[in-house]
Each structure stands twice: as C-alpha cells, then as structure tokens.
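Each structure below appears as structure tokens.
You will see two complexes here that share chain A, one where it goes with chain B and one where it goes with chain C.
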Partner chain A sequence: MNVWLDAALISVIILGLFIVASTRLATMIQIFSVQSVILGCVPLLMYAKDLEFFIIIISLAAVVLRGFIMPNFLFWAIRHVSVRSEASPFIGLGTTLLLSGVSIVGSFLLASRLVFPVAISSDLVVPSSFSLIIMGFILIVGRTKAISQVIGYLLLENGIFLFAILLLKKMPLLVEMGILLDLFIATVVMGIVVNNISEEFNNMDTVELSTLKD
Partner chain B sequence: MLIFLILLPLLVAGTIFILPDQRSRKRMLVFTALLHSGCVFSFWMFKPSTSWNGFLGLDALGLLVLSVISVLFLMVSFYLMGYFKDESELSRKVFIGFLLCFLSFMTLVTVSRHFGLLLIGIEATTLSSVPLINFVKTRQSIEATWKFLMICLIGIALALLGTYFLAVAGLNNVQSLFIDKLIIHGKELTLPWLKMSVIFLLIGCGTKMGLAPMHTWLPDAHSQAPSPISALLSGCLLNCAFLSILRVAQVCHAAGQTPFFSSMLILLGIISMGVAFVFILGQEDYKRMFAYSSVEHMGILAIGLGLGPIGIYGALLHMINNAFTKGIAFLVTGNLYKQYHSKKVSEVRGVFFAYPITGIFLLAGFLAVSGVPPFGTFLSELIILYAALIGHHYVVVFFYCLFLALIFIGIADIILKMLQGRPVHESVSQGPKESWSMVMPILFLIVVVFILGFYIPPILNNVLQQGVGLLAG
Partner chain C sequence: MNIFLLLHVLILFIFPPLLLGIIGKTKAFFAGRIGPPLLQPYFDLYKLLHKASVYSVTTHWIFRAAPMISTAAILSAGILMPIANLRPPVQFGGDIILFVYLFALARFVIILAALDTGSSFEGMGASREATFGAFSEIAMFFNLTILALLSRKLSLSGIFLGGLSSSWVLVGPVLILVVVSFFLVLLVENSRIPIDDPDTHLELTMIHEVMVLDHSGVDLCYILYGNAVKLFLFSTMLVSIIFTFRSPDIFLNLVLFILEIVGLAILIGVVESTMARLRLNKVPYLLFSAFIFSIIGFIVILVRGH
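And now, the complex of A and B:
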C-alpha cells in the first residue's frame, strides 16, 4: 500500500471537482496547473522502488509542459479577450457537480469489474483516470466558452496520461514523448484558434458558432 | 526509403517557410508531389524494407492507401497551379508549407507499424490541416475549424485511450503495440480489455473517418475549406482514418473477434448512409452535399469491411474509387466556385450553357459519386452488395439498396437543376474560363475511375487480394 500515491490520486480527483465546479477561467487554469504538477509526480511515486532515468525525465517533462507551459499559454489566451468567467454554462454548476459525483462512483464500479492483468501499485489509478476523463467530457459539453472547452480537453488528456503511467515501463519512451509533444502542439493550435474566434466574434463564446448547420 | 518519403515533404516545407522569396513555391510543391508519387510507384515494383527498428514498414493495405494519397495529392498540386491567383504571398507560403506537412504526416500514417506511431501520425494530420481549413478566415471557416479541431482531437484522445487498453490487453504476453506482434499473439490477448479497446478505437478513428453519428465536423470542414483541400480531406484524410480501422480489424481478426467487430461496423455504416440521405435531400449548399456523400461512402466502406472476405475486397476497391471520385467532385466544385462565386445551389444555374467543360465534369462527378455504371464506384458497390447477399444479411441489403437509391435521387435532383437552364446573373458567363491546370487533373481522375469500372489491372488485383488476406486470411 503506497500511501503517498493514494493521497496524490485522491487530491487529483478533488482538484478535478474544483475545476468542474468553478466558473472563473483564471481559477480553472490555476487549479489545472496544480493538478498537473501532482499528476506529473505520480510516476515517481508509483515506481519509487525501482526508479529509472527515463521515468524521471517523463515526470519532469509532464510537470513542465502540463503544469507550467500550457497554463501560461492559456493565460496568454485569456489576456487577449475580455472574458474572465463562464457566465452562462449549458449545464448548471449543481448539475455538473452531481454528474461528476455520479461519474466517480461509476468509474469505481467499472474499474472493480475490469481486472487488470498484472499487479499494480494502487487500486485507485484506473478509477481516478476514468473519472478525470468523464469530468473532462462534462466540461467540454457543459460549457460555452472556448477556453473552458480547451480546459475540459486538457482534463480529459490528464486522465488518459494517468492511465498511461500504468504502462510506462512497457511502452517505448518515443511514444510517450511523442504524445506529450503532440498534446503541447494541440494546445498551441487550439489557443491560436481561440484567439481567432475572439477576434472575429468579439468574445469566445461557442454559442455564437452556429451559422453552419442543416 | 520510407524515412526519405516522410522527410522529403517536411524538408521542402521547411525550405518554403524559411526562404523569403518568391514564385518557385508552386513549382516546388508540384516537384515534391511528383517525386513522392514516383517513389510510391517504385514500391509497386520493389517492396521497401522495414526500417527504424520495425516502426516503419509497408504492407498491401498501407501501399493501397499510400498510392491513393500520392496520386490525389499530385493531381491537387497541379490543380493549385491554376487555383491560386489573387491570394497574398504570406498566406500562400503558409498554405503550401502546411500542405506539404499534411502530405508527410499522411505518409507516416500509412507506413507506421506501431499503434502509438499511427495515432501520432493521425493527430499530426489533424493539426496540420487546421491552417488549410481556416485559409479564408471568415466567421464560417473559423467555426468550421473549431468544430473540426475540437471533435477530432477528442476522437483521437479516445483512440489513444483505446490504444492503451490494447496495451493492457497484451500486458501478460505481447508487451508491445507493434501491429505484427499483436497479430502473432492475437489469441492470447485479454478479452474484456481487448473489447474495450476495440470500441474506443472504433469510436475514435470513426470520428476522424466521418462515420455517423460522430461525423458532425465533416460537412462544416468540407464546405468551408478551399475546394482542393476538401478533395484532400475527403480522398486522403478519411482514408488514413479508414486505414487505422483496418489495422484494428487485423488485430480483431487475429484475436478471433471478427463477428463482434463486424456487427458494430455494419451498424455504424447503415447509420452513416441513413444520415447522409437525410441531409443530402434538398441540401442548399453543393459542397455540403458532396461532404454528406463522403459520409455515405464511409458508411459503405464500413459495411463492406464488416461483410467478410468478398465485402473486404469490395471495400478496398471502393476506397480507391471513392477517393478519386471525391477528387473529381470537389475539384469541380472549385471550378464552380471560381465561376459563380457562390456555394448555394439556387444561385448556380445553367452550367452546361455557361461553362460546358465544367458542366460535363460535374455530370461525370455526379454519376461517379452516385455509383452509376460504367464508373468504378458501381463495380465496388456491386461487389459489396453481392457480399451482403451471399452472406444472407438481408436487412443490410434492404437498407443498403434503399439508401443508395434515395441518395442517387437526392443528388440527381440537385445536380441536374444546376446543370440545366440559364445562369441567374448575366455576369456569370463572362467569368474566367477554365485554365488547363484546372481541367487536366479532373480529366485524369475521371479516366482512372472510368477504367477501374471495367478493368482492374492484375497488379492491383494482386495487392487487393493480399490486403484481403491480411484482414480475413
């Protein structure tokens, strides 16, 4: 039983709930940054007994990319627009929190059914990763501001990264790094498009993106 | 050799981004496309060896998709010689640079032998096509780009999760994501995780491929992108996504899970055809109409893939036919847009009268898209129908024929109205005549699809059979 690992995973879920429950964009980005830093340390905690060099590198890369560079980039994006908070989400805050709670319960149920083929250091990894993924989805679907949707996507990617940590020793370094890099580029491209949206539409509300339909 | 094929467009793109000047960019684009297709042509004679520790390799399926991409890209690059007239220098530089990156990443998708690398390739194609779709920078194109980016990135994220599940399924024995190793140890994969992974991969790659109900980005992106880009999206990008689904099918076949996978494919295929029919009927934008036709044809591919060896043969053949047909259709819409300055069906009248050549091409494109003999699409759709019939899938046969017929009527109604009569505005017929570079590529594609309708070269047949062997051998 790895106490520190479990503590980190639980705090990651709770921070996820904080992100889902807040409407100020700056707060969301800050909490996302903290969550990513904790997440970046999870590989170190999980493989604490037989630490290898490339695991430290991946941890560092995750902390720097997800915890610092991407949040800064998002801050740069919201500095260019007047919008500071999510005024009118599709799904209200109460409902969002309720859905997130249900999703956490569902993740634990699902994870208890799926037997992981090899022994893993903590039972919490799989359910926390599933709950982060579903919370990301809730954020993408329930919010109208483009930046909130980007944060939702990043939350979803954090969940997937958490799952990938389980496989860190089995998968080549190349692929892991590639995915980290890809995520970084994806954020940059999204940020640029968000800026395009805000220039053209005077704010970054995706509700206005509705001229193309049948 | 394979690395060269991936790096060549990237290097040329880098040169274009760095060099300050000038008029040689289009020529560099065409030259790269020629060199690329020359290399791919040589692969039909001499099979390239696997390289880069087995990460890159070319099998029959990859070769088919790669050839389609290369030929269509060459035609589009010829077409662009005449298409660009009045865009600014800077935007043209960005455009051609990203176009070459797009080619490079699509090549990467076709030659990767590792699921992780495959997904990186697919994600890279998404990102590099963003500046291409958002080329004109109107409100509509930004909206289309946002939807494309958001939906496709989420799709790829799900596919990535599916890939991790696949890795978990093989954690006890395979311990790798190399396609060849997964196929060898197919029977030993842990079943629940394999099934989860297949579902996630199908949803994720299906999003990119434009299968309904995950297709919502497709009509917007296709209608807002410049027409040559729509042709590439429809003919190349969707096929790349289809290739990744073929890879999943290979693993499923090796694991003995084909019935499970086939049922999902057929269901998604029929839904796609139905959705396409609903939105094609009375469509007001002719590019959107062709985009929904892409959804329909992706549905046909999915159905064919789900119907056993004969259906797979039909699907592979249809993949080639559909890519070239969509090339014809979207390049013709490029001509139309230059002449009529409108994407609305109601404003395009009398194409035969004002622009006879474009009119004939539009007619040929319409016939090929809706699978009328003697075009190749007819043959491949017939093979898939035959596969459904001898497999006793009568429900599939019913919906397949019904939707094909209804979609034919829907498209005919729109296209024939556009062809006949006189132009609404008098000024239209004084517009620019088609330059040779906007005629020859379309003509070439029409000839290819026409020939494929009654003659399949033995060498192509051989590769198609090999492909079927990989998926159902």
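And now, the complex of A and C:
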C-alpha cells in the first residue's frame, strides 16, 4: 500500500467536495488549482518504482497547465465581473453536498464491481476518478454562473485525467497531450463566452441565455 | 494495580478545569492581555459552590435534577476511557456505545431542564443543541466505527490501549480524516468558537450557553464542571488517536500525556483566537463536512477490507 498515493487521492476527493460546497468563485478557482497540482503529482507517485521520462513530462504538463495556467486564465476571465459569488444556484449547498456524498459512496460501490484489464496500483484511483466526474456533472447542472460551470467541466476533466493515468503505460503521450490541448481550448472558449455574457448582460448568469431571441 | 485506578480517577476529577484555564490563557495571549490566572476555572467553581441557588417558581424537579444527572453521566463516561494509557476502572465489549450515549444523556437532561424553565430563549437554545447534537452524533459514531474496525476491538480500552499502534503506518490518510472529523466534532460538542462562543451571553446567537442561563450556584458549578470534563474526555480521545506511542513507564506516559493534552488545549485556543464564529446557518455545513470526512474514511477502510 502506497500511503502517499492514498493521501493524494483522498485529498483530491475532499478538495473536490470543497469546490462543490463553496459559492465564491475565487475560492473555487484556488481550490481547483491546489487539487490539480496534487493530481499532477499522482502519476509520479503511482509509477514511482519505474519512473520513465514521459511520465515526468505528463506530470509536469498537468501541474503547469491545470494548476497554474488555467486558474490564472479563469481569474483573468472574471476580472471585470462584479458578481463574485454564486448567489442562487439551482441546487442548494446542502443538497449538493449530500448528492456528492452519495456519488462518492456510489463510485466506491461501482468501482468494486468493475474488472480492469490492467493492473491497478491503488484501489482508490477508480472510485476517486468516478466521484470527481460526478461532482463535475453536479456543478455543471446545479450552478447558474458560467464560470462555475467551467470549473465543473474542469473538475470532470480532472476525473478523466485520473482515470487515464491508469492507462498511462498503454496510452501514447500524444493522446494525453491532445486531451490537454482540447481542455485548454475549451477553457479559452468558455472564458470568451463568459466575457461576452457579462458584457451583454452585466452579469454572467447562463439563465439569461434562455431568454435570448433574435 | 489499585493505585493506578486511583490515579486514573484522580486525573479525571482534578485535571479538566485546567484545560479551560490554558485555553483562556492562550486567548489572552493572542489578545495581548495578561489574562486570568491558569487556575481561574477552579476559583470560579469554588466560588459557585458557596453560592445559593435561585429557582424559578415555574420549574419542576427536572430543573434541579438535570445538572446532577448530566455531570454524573459525563463522569461515568470518563471511567470508561483510558487516560494516559492507564487502564480505566470499567471496561467491557461495546462500551463505545455506552460512552457516546452517556454524553447524549447529559445533553438530553440539560435540554429538558432548559425547556422546563419556560423561557423562549432557552427553548431556542435547546432546539439548536438538539439539532447539532443529532448531526455530530453520526460523525462521532462513524469515527468510532472506523477505530473499532482498525483495532478489531469494541471497547475503548481495547481501541486506545495499543489497538491502533500499527494503523498509522498502514492507513495513515484514513486516520488523518478521523482526526480532522473528530476535531470538528470536539469543537461542536463542547460549543467552542467556530460554532458557539462560550464567553458571550448574547442570547440570539448562543447554543449551549443559552440553555444554562437560569442555573445558578451549585447547579451552575455542576454544569461548568461537567463541560470541562467533557472537553477533557474528547481531548483525551483525540490525543489517544494521534499519539499511539506509549512507553511502558507509567510516569513518562503521564508526562507525555499532559504535554499532548496541553498542546491540544493551546491549539483550541489558537483556533478560537484566529477564527470568527460561524453564522448559525453555516454550522450544519461544518457538521456535514465532519460527517463526510468520517464516511470517506469508513468507505476506504471497507474497500481495503482491513
């Protein structure tokens, strides 16, 4: 049992819960940044015994891109927005926490039933990736501000990344880099959308989008 | 062997108010004051013992019995708990459940007494206390379940007298979850600052203090002493989870234990000095996070099949 890997995965789940439970946008972005840095270290911890060069590269790319560039970009996107917190989410905080708790339990149950073709170095990897994905979905569905939905999307992507780490030895570097690029472009696009919404409507509530008519 | 039992009971009876004194000193240090002397809680208790009690004419025997019952319940919880690696006077399989419910009994009679006064403020405090107590009990039980699963023992003395010695190496992260969750439960159960302010007497925001507004004299002394013992027992439990190392020498253990528990009291004082009290409607989130910490730990233990 790798204690450090366990510690990293458990803290990733708990930071995910903190993101889901917080309403202030800046706090969400900061916690996301910390979570991504920890997540970026997971490949190093998981393959600590036979460390290869491309694993270090992927780790480094994940830490830099997810942990620093994207949070900075998100901060850039909200720099002019006056509303700094999620005032009226679709799903209340208590319900969100409860749903996340249920999703974590569900992920553990689900992961214990699945059979994987590759050897899994820690039995916490799959459940934590599932729970991150579901928490990301909850954020996307439950929040009204575009930026929290972007954070939900990023959280979901973090979960996918965690799952992909399992296949790191089989998956070519190119695919991973492609995912990172996708993610980066998606964030850029969403950032521009956020900016445009806030310019048009003086806030960045996506509810406004449903009343658009031409 | 008997001398050790006596030592255990002596620590349990005499030490607790000192913790409050240490917390008070720490807070005074942060505020830049000299603060009351370390032994001030003892003086307060002594003073209260010599005062007569005033009883409202609307109260019944419940109001008079509650302080005694609650203090007795908390002290009986104390004789189940190993202190400084000293074997407790009473131990049997399953006493963790009795331990938690003795605290619940203490809380229950205090709530009854608060309702008995007929004051609307006290009724409000009683309602809050009951709500938060219901939340923290779940987290407490999950934590104890994790500890019981790890040590494969169902008694407090089994868990804390060596049952956890290898767990930090095997499942350290889970124990960190338990410690964090338990610390939150400790703050809630003893109505310390992020949840409740034990010093102010603003009725609108208080939880625990508002319930004992009508008690005076000896009754108030019982309640304050009972609270001190409760804080001491929770702190003992927390340090017993964190520091599993115990030497065979009984006096070295005692010194280590006192150092650890004083450290924890200082930590509580620091938390109280640096944090503001949470808004009342945020407290359930804090409790809920304590619950989620413990439940994640519980799931991990189950998955590992430890």
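Quick note on the criterion: the second predicted complex is superposed on the first by the 211 of 214 C-alpha atoms of A that agree within 3 Å, B and C clash if a C-alpha of one lies under 4 Å from a C-alpha of the other, contacts with A are read in each partner's own complex, and residues count from 1 in each chain.
Here is the rule we go by: contacts are C-beta pairs under 8 Å (C-beta built on N, C-alpha and C of every residue); 3 or more make two chains touch, one makes a residue touch a chain.
All of these numbers come straight from a predicted model, not from anything done at the bench.
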Three-chain arrangement built on chain A, chain B and chain C clash or fit: fit
Partner chain in contact with A:Leu17 - chain B first, chain C second, else both or neither: second
Chain B versus chain C as contact partner of A:Ala26, first or second or both or neither: neither
Touching partner for A:Leu124 - first (chain B), second (chain C), both, neither: second
Which of chain B and chain C A:Val141 touches, first, second, both or neither: neither
Chain B versus chain C as contact partner of A:Gly94, first or second or both or neither: second
First, second, both or neither for A:Val64, with chain B first and chain C second: neither
Comparison of chain B and chain C by chain A residues contacted: B
Degrees between the directions from chain A toward chain B and toward chain C, using C-alpha centres, nearest 10: 150
Lowest C-alpha to C-alpha distance for chain C against chain B (Å): 21
Overlap of chain C and chain B interfaces on chain A (superposed complexes): none
In the complex with chain A, residue positions of chain B that touch it: 114, 116-117, 119-120, 123-124, 127, 130, 134, 137, 139-140, 142-147, 149-150, 153-154, 157, 160-161, 164, 167-169, 171-172, 175-177, 190, 192-193, 196, 219-220, 223-224, 279, 283, 288
Complex interface listing, chain A residues touching chain C: 1, 3, 6-7, 10-11, 13-14, 17, 21, 93-94, 97-98, 100-101, 104-105, 108, 112, 123-124, 127
Of all residues in chain C, those that touch chain A in their complex: 169-174, 176-177, 284-285, 288-289, 292-293, 295-296, 299-300, 302-304
Touching residues (chain side chain A, partner chain B) in the complex: 114-118, 133, 140, 146, 149, 153, 156-157, 160, 163-164, 166-167, 170-172, 174-175, 178-179, 182, 185-186, 189-190, 193, 196-197, 200-201, 206, 209-212, 214
